[in-house]
Amino acid sequence: MRFLLQRVAFYLFTAWAAITLNFFIPRMVPGDPVQSLISRNQGRISADAIASLRVLFGLDSDRSLWEQYVAYWGQLLRGDLGLSFTFFPAPVSEVIGSSLPWTVGLVGVTTIVSFLLGTALGVGAGWRRGSWIDGLLPATTFLSSIPYFWLGLVAIALFAGPGSFFPSSGGYEPGLVPAFDAYFIPSAIQHSILPAATILVSSMSGWILSMRNMMVTVASEDYITVAHAKGLSERRVALSYAARNALLPNVSGFALSLGFIVGGTLLVEIVFSYPGLGFQLFQAVGSKDYPLMQGIFLIITISVLVANLLADVAYLLLDPRTRKS
Amino acid sequence: MSDQVLQIRGLCVDYGVGADAVRAVRDVDLTLHRGEVLGLAGESGSGKSTLAYGLTRLLPPPGVVSGGQVIYHPADGPPVDVLTLSPAKLREFRWAETSIVFQGAMNSLNPVHKVSTQLLDVIRAHEPKSTAASRLARAKELLRLVGISADRLDSYPHQLSGGMRQRVMIAMALALEPQVVIMDEPTTALDVVMQRQILGQLAELRERLGFAVLFITHDLSLLVEFSDRIAIMYGGRIVEEAPAARLYAEPLHPYTEGLLHSFPALHGPRRELTGIPGSPPDLRAMPSGCAFHPRCPKAFDGCDEQVPVLGAPYVDDPARAVACRLHPAVAPLSR
Amino acid sequence: MTLSPSSIEQVIPGQGAVAQPSARARRRRFRFVANGKAATGLAVLGVYVLLAVIGPWIAPYDPDARSADVLQAPSARHWFGTTHLGQDILSQILVGARSVMVVGLTAGVLATILSILIGVTAGYLGGAADEGLSAVSNVFLVIPALPLIIIVTSLVDQASDTLVALIIGLTSWAWGARVLRAQTLSLRRRDYVEAARATGERTWRIIGFEILPNLTAIIASGFVGTVIFAVMSEITLAFIGVSSVSSWNWGTILFWAQGQQALAQGAWWWFVPAGLAIALLGTALALINFGIDEFVSPRLRTGGRTRIRTADGRTVAMRVGFTPVLAPNPAPVPMRRPADPTREDATS
Amino acid sequence: MTLTESAPAPADEVVLEAVGLTKHFPVRRRLRDLLSRTPAVVHAVDDVSIELRRGRVTALVGESGSGKSTVARLLAQLYPRTGGDIRLHGRSTRVRGGRRFRAYVRRVQLILQDPFASLNPVHTVRYHLTRSLRIHGNAGTGPDGLDKALADLLTRVSLTPPERYLDAFPHELSGGQRQRVAIARALGADPEVLLADEPVSMLDVSIRLGVLNLLQDLKDRLDLAILYITHDIASARYFADETIVMYAGRMVEGGDSETVTQRPAHPYTRLLIESAPDPERITGAGGDGAAAGERGHGEPPSLIRPPAGCRFHPRCPAAMPRCATDLPPPIPVDDAPGHWAACWLFDAETVTTQKAENAEQAGTETAQ
Amino acid sequence: GDSPNANKKSGQAATVLSVGMPNGPQAENNNPFLTTSAAASLGYRWQIYEPLMMWNPVKPAEPFKPWLATKAEWSSDYKSVKVTIRENATWSDGQKVTAEDVAFTYNLVKKFPAINDQGVPYTDAVASGNEVTISMASPQFVNQQKVLWRVPIVPKHLWEKIADPASDPVKQPVGSGPYTLKSFTPASMTLAVRESGYWQNLPKVKELRYTSYTDNSAQTTALANGEAEWSFVFIPNYQTVFVAKDQKNHKMWAPPVLGIHGLYLNTTKKPFDDPTLRKAMNMVIDRADIFTTAEAGYFHPEVKSVTGLPSPAGDSFIAPEYKGQEHKVDVEGAKALLTGAGYKLDGNTLKDRSGKAVTIRLTDPAGWSDYQTSLEIVKGNLAKIGIAATIDKANQDAWFRNVEQGNFEATFRWTESGATPYDIYRTIMDGRVLKPIGTASPAGNFGRFDSKEATDALVSYANATDDATRATALATLQKIFVEQMPMIPVGADNIGGAYSTKNWVGWPDDSNPYGALQPTQPNAVDVVLHLKPANG
């Protein structure tokens, strides 16, 4: 019980500290949402609008940072994330709600696929060192060293364009309404192929590499030798004995990487104009949309913490050894 | 012929290939008879484990078998050379005919699978036609054989004590009733009570099942007590071979003699312990001639030139063999 | 952080340099340069460092200078072509190398030092100190790095290279600290650490001289990872037009290229070299990482030849479970071969 | 080579003493155990009292996991103790890091169990030994002084010529050589007490003998008090003056080595001695090996929930009802002075009453 | 089927118009008063809601065109306007548009400062019959378009139920315009034409599809490959990137409006407090180069007139003495001017009267690539008269703060724009918003230009009741601007767009500049009404 309470207290503290930091940091930056709005509309919002916008955003009353902080916690505890400035008066929860599925759909699915594929290749490369899969490593390393955005832009230039199967931007064909039907789903999939491929190409090598190295390490464990000695089939030794054990550290890495889905691949969303949360965050930062920023930070914080917890639990479930510390 | 189950002929094992190679096992001849316990002792680093791994072809890289033959005589059918088996044949051969118990039981069991999984695994691999129920019954019986209650089947290795793990490994080694069981220091990490318990059970099982054991340890007193015959290794070679009691009573090789004078006795009068002066040879720079000669109190001219050959020193005792120029071979080895 | 941290992790399990019995092992360690991958990486990195130093001098043009050759494809005059203002792209890349390298290395060093200080201390001291420091690094792990960097760089008018490096360094140590802490936790209970304590070593000495050397691999690969991350971050910041670095770097080049829709205009030369330069640098660092892994972790060392010819004339890779049987070698002829029934039919 | 505090004391003086030493390790529990209230602990060491005297070797034997290493680490103050006291020259000490800890370890040095793990793989022999000398101010003055001290140290553990070993890394040494380096390191501190935890368990008999002879020699020359922990009871017989037997965290028997090994009193000790491999057995008397195996059947007890009363009673062939309830105190065994056993068998009163009860019980059973 | 996408493919090409804006994903918000709403950001609020009168920013001096109001009459002091409301207009829910609705709308704007984004000081709006009188606290001659053209008229019967018009997302907008909202997703919105009840002929475009692309390059790509047919976005090298992709149909039209971009000089910093130096600098800055290179030849049309007024929007405002006077690069003239004023050109370095070398720091946010390119050009230009310029790529927020606080030497920035040159000059020279350096002056006069004469002229222009006074005031302003050069004008603000004639024709262009071609301006509805199928 004490252990559990300790963990919970620890995570609560982390969450509190992260949220507090996330509250204060954006506010230390000079400029305010109104200015950003004006600068984004260079010359097309008149200076007269400043006053009305300040009223609109509720920035006219001068509250101290501390008061705002207290009010923010009050809001949070009521489950209210406030109203976004950029999309005033849309509630932050709504903005997040509309973009989160896209991010989770694209980046989440890709992360999982990348993990599965990378792990599978890594198993192959590690089990049969020196085979063709092993030879793949330098190539994947190269690909993963290319900045995401560059790869994405090149992919757009090469594969997208008029008449191409691959659309260059967006999450689905304009004019469609998100719905689970035979028009929308294929379109959404079609739009996700290029960005997904980009993420896949550049993130897979990490998994391959770590799985390969774990496989190499595990392959020289005694129980693998025993498994060979037992005359088990190659497949069984490779998968059920070697890969099963080598997977453990990778799984916790994977759980952690799930936490970074939201913040991690913002540039892919930018480059492919993908209507996800990363892009939303980028915009919010650009336009000093504190409520939205905080909302997204909150999501990130929670997902990283949950992923952390997941990693702990995954380890506990997958590894029957209870460690004496 | 019928009485031999495993013949090792001129086995050489190297670590590495080419110029980097280190020869850890040199030209070893050894015969294991049906149903006997052959003890293998020697200085640490003398190549005991290498020999065991080499003859089953389980050496990790960079180990390679660089010569020799390992001939296995099945109960029925023609003899096979283990070293020429294809991987698929080798897999079939393994465990069904020779099984191994390695030194560290903690590391021999896969930590993430239950004991039952690992036991059933090996039965299924070799008897794919058996039914799940029959396999389970077999597994339970095996555990009972080594004195572990059947409800332990669902435990993970870490939930068992060191002794239990070791016994699980022994049970697993006997699962397919092989002809040969190789044991590499199976009890080193255990206390004497546990050690005796396990060995007692093993002796009992051997009685019942009739397999042969190659037992590796550096605990001479244990060997003397437990095995039928003992082979002593030094510097990658077998330097002496004899029935246990004879070896203890009358060691022929100076190294064996040194060993026997290095451990204190628990009972009886305190005796003088002389030990062996000097330090073990470096495999990369083996002394010329007899590897033991720099440390040998009885070395004489020529020991540093000529590699002594393992041969029988007595006409009347064909079971004994020694590789020392003090005891030149008078009779061919009876094999 | 495209070079996933997992490549850092796998070195962890306690397999340091303990296992190698060979007396040559130590000497062989420093031959990791002979590892093809690491050597390639080091060579490429060397070229980059050289360019960072001499780039501005060997640049054929002033990278800012406009010329009449507007948006020219690569030619003898402009090897990498020109921008919409007629600036020479090769010169921009050469001049930009310094900023990239400075930021990457500074941030890498800073983050590495921080991660060592915090991770190792937390892992070694344990208890309340550990809880506190772990909480701090968890907080930094939770804070999304890139947005934070964007926000912090906008705090100042003029974000110099050093400042960008500082910020990246200050925000990217948490992962390394986490890994180091975990490893330190396991090292802390190693017998040799206990032994050092029992000898009477002071705490700082135990951390500095007993534990740290055994963390070299993780620290080194963490450093390499952070450098890659820092370079990527700097370039990304410049690319999205957030950082206000007034000097050239490859991100700036990409920023202009993207702002001018270089790819849509068909001006691939504006876009491609900078991207490749980054990719090559990343690859070089990752390759060195391979080398480091293999340098410290003996099990990853391929140890010379892995493929050998066996008795049945095939070439196989050495691997666990199936020890190859070498083709008969005339060298170690046994002295005497006793009569052998199985052998007779072979010889007769 | 001067002992700072006390002038050379007479031989046989108690240097280090453990009184009622107890150590419980908290265990990390599984998820489903989280809700239970009682904190689970491993009773690794319970109520252990040992006296280490000048120029004498005390052997500690017992089954694996019985807490021998834990006792050694407690004596070296590497673990904080749960209960009991450690007295150095009669003065109670409790140090945890810092200056006083270092002053303590100068006088009480520990050689850890595993020679392969206790030397840092990244440092040379020179580093290890230099540190030990430096810390304890025995490095002499100037580089020459240090070199001389190093050479001296290596010579003392028979690693000669010293130059051959000084710059070697641990992995370049054989097990026996490593073990000797570990011993040299402990000697570099110029201690009064040496706690040697299974210094020879992994070595073959010839190397083992060399190390033991070295310790014997040091003991004689430097008047060291040595705690010798081992599984090899025969070596305890040869090497130690006094032997203490542990079982499941408790001391069960103690006394003069020869007496304990030749006339074991406690049923566990008897089991231990009978189980020890003995080549004489097949050649000569012996013969009851199988019987011993039978008798010792059963698993070592859980240390998290140790059996009440005598911890050996579930396995004890001579167990009496009282053994399951009352913890036996050390009871003197009459055959030799200083020989004692924690067993009710040696309490005359208990034996008689229990015998009577047994008879009664047997009577009722047959009656049924 | 029941799927909202089922009929998606059924619309033929010639009934749909795809409009794009590079504004990123949107939240569902159709509030016509909020700049932040999707309706405003993409511009479709003007297809749903309509203003009283239509004004053409391309020809600001032309009279307003009747729209929901048939007539608007200003009082002579321009403090009130009387509008006559069209009789035949209806809301899309079928109710009639009345004067009550109009009065309600203006009172609403007055009541909620948060939605008064034009900052017009309304005092009252009273309906009587089909007429509404809207009163303001101050003369609004210079703000006529803000009153009549910028306020979307909303139905009283729905809006009086809305508690806070500033934070209502108006999910089901009901307006008097020709379109109604059919569907909304964060990236795209579809508007369908009304079936009946519109007060004039319904447009031929049956469906308007708005797509919000994430950024300029995505928008440009969409334009280039025909996905989007109408947009307003900066396209570098638009000939290659856009027009060349479909030479026949891809068109670009970006006429100037009455607002300019130029180099603000800090007139309090020595030696730039010297008008002579500023004039000399103006003489060497190559506006044409900036136009073709930095603005890709179309985006911010070159300002040729010495008065800084763009052509043709400002032509009618240019004082007689400056009519036809165009800015020319004259390096020699500048040198002569400077030497005459006591400056010395020492080799490649200009020394001021005290002998100090003249250097200047040009600054603009790093991400604003056209400004940055302009600065590069200016740097080269200034070098010709020996002024060494350095370029700071500032951080955007810092730049904003510094410009407002006067902490800069020279920077590119825009001016306000409006129906008269008043807004341009006010931004540059208004003494009423003059603040000391270090104090922010968000409304203008960033260069801290201190001239009572200019301030008086501005006041007089805004408050005048007759054209003569206005003409005099404007002439004064122009004279001050030309002679003192408080800011060096370079390009005009534009209000244009890229479009495709593949499916639709009838767009405004140089030959028929009937309105602004920007989907977010109130003119957008006028443009859509002008469109006809290309093949029909």
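General observations
As written, the chain order gives the labels A, B, C, D and E, with residue 1 at the start of each chain.
Methods note: a residue touches a chain if its C-beta (ideal position, glycine included) is under 8 Å from a C-beta of that chain, and two chains touch if they have at least 3 such contacts.
Quantities reported herein were computed from a predicted structural model and do not represent experimental measurements.
Minimum number of contact steps separating chain D from chain E: 2.
Looking at C-D alongside A-C, one finds more C-beta pairs in contact between the chains of A-C. Taking the mean Cα position of each chain as its centre, E sits at the greatest distance from chain D.
With every chain reduced to the mean of its CA atoms, the largest distance from chain B is reached by E. Distance between chain B and chain C, defined via averaged C-alpha coordinates, is recorded as 46 Å. Centre-to-centre, using mean CA coordinates, chain A is 55 Å away from chain D.
Look at where the CA atoms of chain B average out and do the same for chain E: the two points lie 92 Å apart. Distance from the chain C centre to the chain E centre is 51 Å, each centre being the mean of its Cα atoms.
Looking at chain C, one finds that residues 23, 154, 240, 258, 264, 306, 319-322 touch two or more other chains. Touching of two or more other chains is recorded for residues 29-31, 156, 220, 225, 227-229, 270, 322, 325 of chain A. Contact of a single residue of chain B with at least two other chains is seen at positions 53, 58, 60, 87, 90. Taken together, the chain B residues at the contact with chain D in this complex read 42-45, 147, 161-164, 188-197, 200, 218-222, 224-226, 244-245, 248-249, 258-259, 262-268, 270, 273, 275-276, 279-280. For chain B in complex with chain C, the touching residues are 1, 7, 9-10, 12, 14, 16-18, 20, 22-23, 26-27, 29, 53-54, 57-67, 69, 71, 79, 81, 83-84, 87, 90, 282, 284, 307, 309, 332-333, 335. Contacts from chain B toward chain A in the complex involve residues 53, 56, 58, 60, 87, 90-96, 99-100, 102, 104, 107-113, 121-122, 125-126, 156, 158, 172.
Here chain E touches chain C in the complex through residues 216-217, 220-221, 224, 235-237, 240-241, 293, 365-367, 369, 373, 376-377, 380, 391-399, 402, going by the rule given at the top.
Put simply, chain E touches chain A in their complex at residues 1, 3-6, 8, 18, 24-29, 31, 34-38, 113-120, 146, 166-169, 183, 185-188, 190, 209, 211, 213-215, 218, 221-222, 224-227, 245, 259, 261, 365, 368, 396-398, 400-401, 414-418, 423, 427, 442-444, 493, 520.
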